[in-house]
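Lettered A, B and C in written order, each chain numbered from 1.
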Amino acid sequence: MKTLTKEIWMDVPRRRQIISIHHEVEQLVTESGVHEGIVLVNAMHITASVFINDNESGLHHDYELWLEKLAPEKPHSQYRHNGYEDNADAHMKRQVMGREVVVAITEGKLHLGPWEHIFYYEFDGKRRKRLLVKIIGE
Amino acid sequence: MKTLTKEIWMDVPRRRQIISIHHEVEQLVTESGVHEGIVLVNAMHITASVFINDNESGLHHDYELWLEKLAPEKPHSQYRHNGYEDNADAHMKRQVMGREVVVAITEGKLHLGPWEHIFYYEFDGKRRKRLLVKIIGE
Amino acid sequence: MKTLTKEIWMDVPRRRQIISIHHEVEQLVTESGVHEGIVLVNAMHITASVFINDNESGLHHDYELWLEKLAPEKPHSQYRHNGYEDNADAHMKRQVMGREVVVAITEGKLHLGPWEHIFYYEFDGKRRKRLLVKIIGE
């Protein structure tokens, strides 16, 4: 079995931000030398998601409004978690969008449909954040 | 390590449709010869989900109404993604239901609870669609 | 390849209940002897979730109110699934929170961010329930 493990740090200047991590994951799959296997990509923060969807800015804007409707940030006082914090909404938005994705590796490449694109979605940023890529296979 | 990779194409005549893929996945696990491992089953489209829940038509009807309440299809103009498209809601519904499932394989079979059943859920059909089954183990 | 498979049964006295399973999963990873690999942790019931988030009781209270707003339990008659049952809402809440998590194992340990904690979330309890831990790696 071959494995590759990589933590990737990113600057996340805004509170909420969608960041493409597609090419980084693609490169790590190549670097791993794994021909058949899987790659796990997950947020290492509990206010963030890794998800696969369209690389289209209009949709990303729509996600922002939609998630704010499902789990509004304000008023902060509506959440019991927000005694010392103001990020309870971020813990909810992350559950809707998911913590992780698992993607097949076939013949040495990410095995994806034509529009599948891998993103990190931070809901409580303004600081450095990280995600984990774990590849196993042979 | 043994692996099996299979894309499965399906006709999806309706815009939104739940399709059982349970027996296909079961057969592929048998075919793979993997005794201990995992199977990844994922939609290859970004407007669709693979999920595990009850094989009960009343619940599937309830999902339809519930998802339409959480992320209404119409009016199409409410979403910025819908400049040339009309499927922004499908990209949202898919996030609620999830892109993929990972299921254990134990003693050569899917290791599931008694009511767990694997489905594909399309939110923007009316054409042929596909999903991916990737099995790894030994 | 090494594998470990373990079903864990729990008493779940309340209808809805969040139960930490973090230490059990941690111990099984140690017991497995796997140094590099992944662990799949999933509910074996279709009215329950396994998820990773904060070990903070205020947030758990917020989840309860939030999920009840997204998919209210009552009136039971609003769901077609509730002919003989009263748990349609539980099948929806579980989809928001997810069925499973997949976590990396690195150098023999769960590879998690500092606040990531693994929970089982039951939405239709009052009886014994179980989850599955499947470890693969080497």
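Convention: a residue touches a chain if its C-beta (ideal position, glycine included) is under 8 Å from a C-beta of that chain, and two chains touch if they have at least 3 such contacts.
Just so we're clear, the structure is a prediction, and the values are computed from it rather than from any experiment.
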Set of chains whose contacts include both chain C and chain A: B
Equivalent interface positions on chain B and chain C, same or different at half: different
Whole-Å gap between the CA centroids of chain B and chain C: 20
Residue numbers of chain C (touch at least two other chains): 1, 38, 70, 96, 98, 102, 136
List of chain A residues in touch with chain C within their complex: 1, 3, 5, 38, 40, 42-46, 70-71, 79-83, 88, 91-92, 94-96, 98-100, 102, 130, 132, 134, 136
Chain C residues touching chain A - in the complex, by the definition given at the top: 1, 36-38, 51-54, 56, 58-59, 61-63, 66, 70, 96-98, 101-104, 106, 111-113, 115-116, 136-138
